[in-house]
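What follows are several structures.
The same chain A turns up in both complexes below, where it pairs with chain B and then with chain C.
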Partner chain A sequence: MYSVGHSEERKDGVAKVRGTARYVDDMTFPGMLHARTIRSTIACGEVLAVRHALEEQGFTVVTARDIPGENVIALIADDQPCLADGVVRHAEEPLLIVAHPQRAALWQARVDVEYHARAPLLDAERSSTIFKEVQIDKGDPGRGFAAADVVVEGEYRTSWQEQLYIEPNGVIAVPENGGVTIHGSLQCPYYVHAALCRVLGLAGGKVRVVQAVTGGGFGGKEEYPSMIAAHAALAALKSGRPVKLVYDRMEDMAATTKRHPAVVRHRTGVTWDGRITAMDIDVLMDAGAYTTLSPVVISRGALHATGPYRCDHVHVRGRAVMTNTPPNGAFRGFGAPQTEFAAEAHMDRIAERLAIDPLTLRERNAWRPGDTTATGQTLGADCSALDVLCEAALRTDFQGKWRRNRGSGRGIGLSLFFHGAGFTGAGEERLASRAALELTAFGARIHVSSTELGQGAHTVLPQIVAETLRVPYEYIEIAPVDTAGVPDSGPTVASRTSMIVGGILQRCAEEMRDRLGSLSPEEYLELHGPLVITKEYERPPGSVWDEEHYRGDAYGTYTFGCNVVELEVDPVTYEARPRRLTAVLDFGKALNPALAKGQIEGGSVQGLGYALLEEVVHKEGRMANNQLANYAIPTTLDVPPLDVVILETPYRHGPFGAKGLVEAPIDGPAPAVINALRNAGYDLRSLPATPEKIMEARCGST
Partner chain B sequence: MKRLIRLRVNGEPVETAVPPNRTLLEMLRDDLGLTGAKEGCGEGDCGACTVLLDGLPVSSCLVLALQAEGREVVTVEGLAREGQLDPLQQAFVEEGGVQCGFCTPGMLLAATSLLAANPDPSEQEIREAIAGNLCRCTGYQKIVESIRRAARRGP
Partner chain C sequence: MRTAASDLELVRPDSLEEALCALAADPALRPIAGATDLFVEANAGALRGRRFLDLWPLRELARIEANGDMLSIGALATFARIARAELVRARLPLLAEAARQIGGLQIQNRATLGGNIANASPAADSLPVLMVAEAAVVLQSARGERRLPIASFISGYRQTALADGEIIAAIEIPLLPEGAQRFRKVGARAAQAISKVVMAALVGPVPRVAVGSVAPVPLRLRRTEAVLAAGGSLAEARQALQEEISPIDDLRSTAAYRLRVAQNLLESFFAGG
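Here is the complex of A and B:
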């Protein structure tokens, strides 16, 4: 192998350790203004009057009336305004944008807003506004329950989680060429491009979006940058000057999207020998005030709600509903961490009811190749649920420790999980992603809109091309992500970049290799002139999806993983202290093993934060703990040794066998932690497992 | 009311006029153009703005520029010597200690200070030395391994 399977050094590594990588807040433009967003302080009501004297003080002020196009952030339902126009549906909703040459002056800007406040709807379980409902039906659950010896029911709850990229959101809008150019910290340049054309009423050619070096995204820079870019662009067009709009941490935490809170109810029929005969699952997600990406999040959540288990009779119902809280959105895992938490916590309760151990129950029911999912998708030869389960159990002596621990204050917990790679259903066909490869004197230059967020896309994609062209990795370049220069390769989300965009690039490189024949790149360019090969996504043969009935191939394929968490509970403080986390993942092929391990380690620790530490506190619909001092994410001292194992069962339609990787690692830690707590003698059914909740599980609620 | 201060930044003498409420981070980034130090929270919680002040790591968002008068500041831009990465920078690149890179400058400086005081730290000592530097990408394992690798190699 030339490059694939080698831990090549990341292309952006040297600039990042030198401190020369330019993030958006490191950039400045002549005459640049700084902007700030004035936000609603109430969760629901009408704006009666806005009073200020900012123009007289040298500020540029943008209101909904300054929007030349439509007052909407275009995404799925187009229901979210760019600036609230009289009606407020959640706290922190943007009302005005103010801009000034001095950054410090922004904090002196006084705006008085008079509201007519209404009682906000804050409880998703009382909401009757459904943004999206999905149903999955397989077989006849009535028959399945009739065949059961035991029915186990359970309710599981998860709360918000903040992405908490260390670089806050930000963009700079520069008015130029009769339109606007955005430089920003963002995942999806073409989402921003599409949203700006609508808000500004500009043709596509007048809007340009360039990704700055981006300090982490985790989904949090999927859709919200469209909002920030629109605000900055409006201020730039009104003032005629470049405008920088960079959030501080408190604003970023209070105002931008989070992982959806969920309530998941399970009713499961099982036989005494541990066979699942029927599943009835209800998933409710709190979408917040606007639709954003919630239809797709609830869809993915519902599609992962069964866990990776055989069952002939399934009913899943999923709903995403409106509340008067800041809209929730994309976050690594995208609905699956909530429903897989419920599925895996429920499995351990079923095992307890049947008096068998958690490993045996999972071994009996885990998918094998040829089994069908809830949507009727037949799993291919790359279905390795049982392999990851056995590897993790063996490696950790799971059964032995699980028996010895019971009730000791120590616990060991296991979770088996899966993650659909790429967009759901026909999503990839609709995206019709394109990628281009340009021949250079020594190798090739990649043109894609896939963004580098730290995950390593701009290292792994060149590796795929180097391998296919059979040239050294160093000879493959990647063009800056700039909508003026790269085709739309779809958004950088859904663990799709290596598998889907990498697959398109592999086909580009194969054709380039054939065209070159025995010629060197230099000779080819001399003889035939420039060569650029552009290709579009092609659906794997035989794959079908029925969107109306949720039947067929919900995803191209699935990545499988198993976590084992070992922990101790402090008998005085009731803190759960993880002592080891084992993660066995099979994502087909580790294109770059070091980067892959980094993704698994990082995702696992983010999952431990979700399990144990990270709790959003709301007061009247506003986040009350929007600071790093009181919304705690894991530090070095919160993280136990991580044992990462990679299995490689190739996927025949992925480049060199690769499937999606980066989201799967966050699906497993939370249920493994909750199951370890159960093993230690604490019955918890909600996240996060804070010391208060663990104490209540032991002592009862006070 | 600005005041003129003199200090050394990355070994070079610097003279600059600062208002009394200017933070060291603002002075470095906005006045001196040294944008390697990052603002992640502005409240001393995340460590992205870590620089060395007389060899010790500080959150430069919590230090006033005036407090640096007459002292020695080292930022990430001052680590490489004659264009060559220093052993820590090299190890971060080789070991996968860098992902999004936003915490990296602060991590490197916290680690520089650790290795200057303790050239052969244990894993626990490394973890304690960088406990004030948050990273959301790596889970810290590869950062700890990077620092170990640099320590093994020596300065």
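Here is the complex of A and C:
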């Protein structure tokens, strides 16, 4: 192999380590203003009056009336205004943008807003406004339950989680060529491009979006950059000057998206010998005040709600509902961590009821190649649920420890999980992503809109091209992500970049290799002139999806994983201390093993934070602990030794067998922790499992 | 940062005398040292005061020394130095232990013992230790010097008995009676957390217990100590503790958790003792 399978050095590594990489806040433009967002302090009501004397103090002030196009952040439902115009639907909703040459002046700006406050709707379970409902039906659940010996019910709850990328959201808008150019910390340049055209009323050619070096995203820079870019652009167009808008941590945590809280109810029919005969699952997600990406999040949540288990009779209902809280949005896992937490915690409750061990129950029901999912998708030869399960159980002596631990204050817990790679349903066809490859004197230059977020996309994509062209990795360059220069390869989300965009690039490189024949790149360029090969996504043959009935191939394929968490509960403080986390992942092919291992470790740790520590405290619809001192994520001392195992069962439609990777690792740790706590003697069914809740679980049982 | 730094004024004295004179002339000057708590306020745009007196250059206030049985720690001694100081580790290991658990390493390199006392947070990790040690706070002003027991220096929620023109110069710690010194901090995670409960104790013939984050001020638990000294049971001591503290629900934990964990800590310190 030339490059694939090797832990090549990151293309972005040296600049980041040396500190020469330029993030948005490192950039400046002549005459640049600094902007700040004035936000609502109430969760629901009307704005009666806004009073200030800011223009006299040298501020540029932007209100909804300054919007030249439509007052909307275009996404799915187009219901979210760019600036609230009289009506407030959540706390921290943007009302005004103020900009000033002196950054220090921003927080001195005084704006009095008079409201007519109304009682906010904060409890999703009492909401009657449904943004999206999905139903999945397979077989006849009535028959399935009739065939069951036992019906096991359970309710499981999850709360918000903050993405906590190191670099907060930020953009600079520069008025240029009768339009605007955005330099931003973002995941999806073409999302921002589309949103700006709508809100500014500009033709596509007048809007340019350039990705700056981006300090992490985790989904938190999927949709929100459209909002912040629109705000900066409006101020730039009104003032005629470049405008920088960078959030500090407190604003970023209070105002931007979080993982959706969820309530998941399971009713499962099983036979005494541990076969699942019927599943009835209800998923409720709190979307917050606007639709944003919630229809897709609830869809992915519902599609992952069964866990990777055989069952002929299934009914899943998912709803994303409105509350008067800041909109929730994309976060690594995208709905699946909530529903897979419920599915896996419920599996242990079923095992308990049947008096069999959690491993045996999963072995009996885990998908095999040829089995069908709840949507009727037939699983291919790369379905390795059973392989990851057996590998994890063997490495950890799961059964032995599980039996010995019971009630001892030590616990071992297991979770088996799966993650659909790429966009849901017909999403990839609708995106019709394109990628281009340009021949250079030494090798090739990649042109894609896929962004480097720290996950390694700009290292792995060149590896795929190098391998296909049979040239060294160093000979492959990647062009800056700039909508003026790269085709739309779709958003950098959904664990799709290596598998989908990498696949398109592989086809580009195959054609380039054929065109070159025996010529060197230099000889080819001399003889034939420039060569750029552009290709579009092609659906794998035989794949079908019925959006109306949720039937067919919900995803191209699935990545499989199994976690085992071993922990101890401190009898004095009720803190659960993980002692070891084992993560076995099969994602087809580790294109870059070091980066893959890093993604599994990072996702596992973020999952442990979700499981044990991370808790958003809301007061009247506002985040009250929007500081790093009070929103605890794991430190190195909170992380146990991680045993990462990579299995490689190739996917025939992925580049070199690869499937999606980066989201899957966060699906498993939370249920494994909850199941380990159960093994240790503590019955918890909600996240996070804080010491306060563990204490209650203990004091409830004694 | 939500505070405009250009509006702020910093007075940098060359000597302690100069500092005390400046403070006498303008009691509104706010003394600062490591500024670790100050930056939290400044970052949130909630900075109190506009004029600051920088004590950091006054190295004579950073000494850690023994005067006979008295351990004297200068107000400007950082937690990093306290954690490493042989004198502290030998005489008051529980202070060295507390110093190691306050913030992260960067904070420990700047944060001072005097600052932790002056900030008077109910969650300040050094305060229960100083209460168990029956430390005295040495206060200096242009008028002279006075000493106050740490427990009376902390006069209320984030309030101290510091008078106009005064600074904290040092902390004096007498030799502790015989016994095992115990300290435990309970936060949201294994490091870099604000305490939900923090307890320091001397386990010996004359038991002493102090606890933080369970009342508006850190508390010395005199009645609980009396129960233990009189040979009362651990259950009786837990009951006494419950009557002495007044924990609340807040962003970081619940009253119920703080009570039970404080009781459990007490029991874990004194079981078999």
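Basically, the second predicted complex is superposed on the first by the 700 of 702 C-alpha atoms of A that agree within 3 Å, B and C clash if a C-alpha of one lies under 4 Å from a C-alpha of the other, contacts with A are read in each partner's own complex, and residues count from 1 in each chain.
The criterion applied here is as follows: contacts are C-beta pairs under 8 Å (C-beta built on N, C-alpha and C of every residue); 3 or more make two chains touch, one makes a residue touch a chain.
This structure is a prediction, so every number in the text was calculated from the model and none was measured.
Undergrad: Quick one: is A:Gly502 in contact with chain B, with chain C, with both, or with neither? Answer first, second, both or neither.
TA: neither
Undergrad: May I ask you to decide whether A:Val572 touches chain B, chain C, both, or neither, giving the answer as first, second, both or neither?
TA: Once the two structures are laid over each other on A, A:Val572 reaches chain C alone.
Undergrad: Can A:Lys16 be said to touch chain B (first), chain C (second), both, or neither?
TA: first
Undergrad: One more residue to check, A:Leu453. First (chain B), second (chain C), both or neither?
TA: In the superposed model, A:Leu453 contacts chain B only, not chain C.
Undergrad: Does the superposition put A:Asn625 against chain B (first), chain C (second), both, or neither?
TA: It touches chain C, and chain B stays clear.
Undergrad: Quick one: classify A:Leu637 as touching chain B (first), chain C (second), both or neither.
TA: It touches chain B and chain C both.
Undergrad: Considering only the touch criterion stated at the top, classify A:Gly269 as touching first (chain B), second (chain C), both, or neither.
TA: neither
Undergrad: One more residue to check, A:Leu595. First (chain B), second (chain C), both or neither?
TA: The first partner, chain B, only.
Undergrad: Return first, second, both or neither, reflecting whether A:Glu692 touches chain B, chain C, both chains, or no partner chain.
TA: second
Undergrad: Residues of chain A that sit at the chain B interface in one complex and at the chain C interface in the other, please.
TA: Shared contact residues on chain A (touching chain B in one complex, chain C in the other): 248, 627, 629, 633-635, 637.
Undergrad: Can you list the residues on chain B that touch chain A in the complex?
TA: Result: residues 29, 34-43, 45-46, 48, 75-77, 79-80, 85, 89, 92-96, 98-105, 108, 126-128, 130-144 of chain B touch chain A.
Undergrad: Enumerate the contact residues on chain A facing chain B in the complex.
TA: 7, 9-10, 12-23, 25-26, 163-168, 213-216, 218, 248-249, 453-456, 594-595, 597-598, 601-606, 627-629, 633-637, 639, 642
Undergrad: Which chain A residues qualify as touching chain C in the complex?
TA: It comes out as residues 104-105, 107-108, 248, 250, 571-575, 613, 617, 624-625, 627, 629-630, 632-635, 637-638, 691-692, 695-696, 699.
Undergrad: Which bits of chain C are touching chain A when the two form their complex?
TA: 1-7, 40, 43-45, 184, 186-194, 251-254, 256-257, 260-261, 264-265, 268
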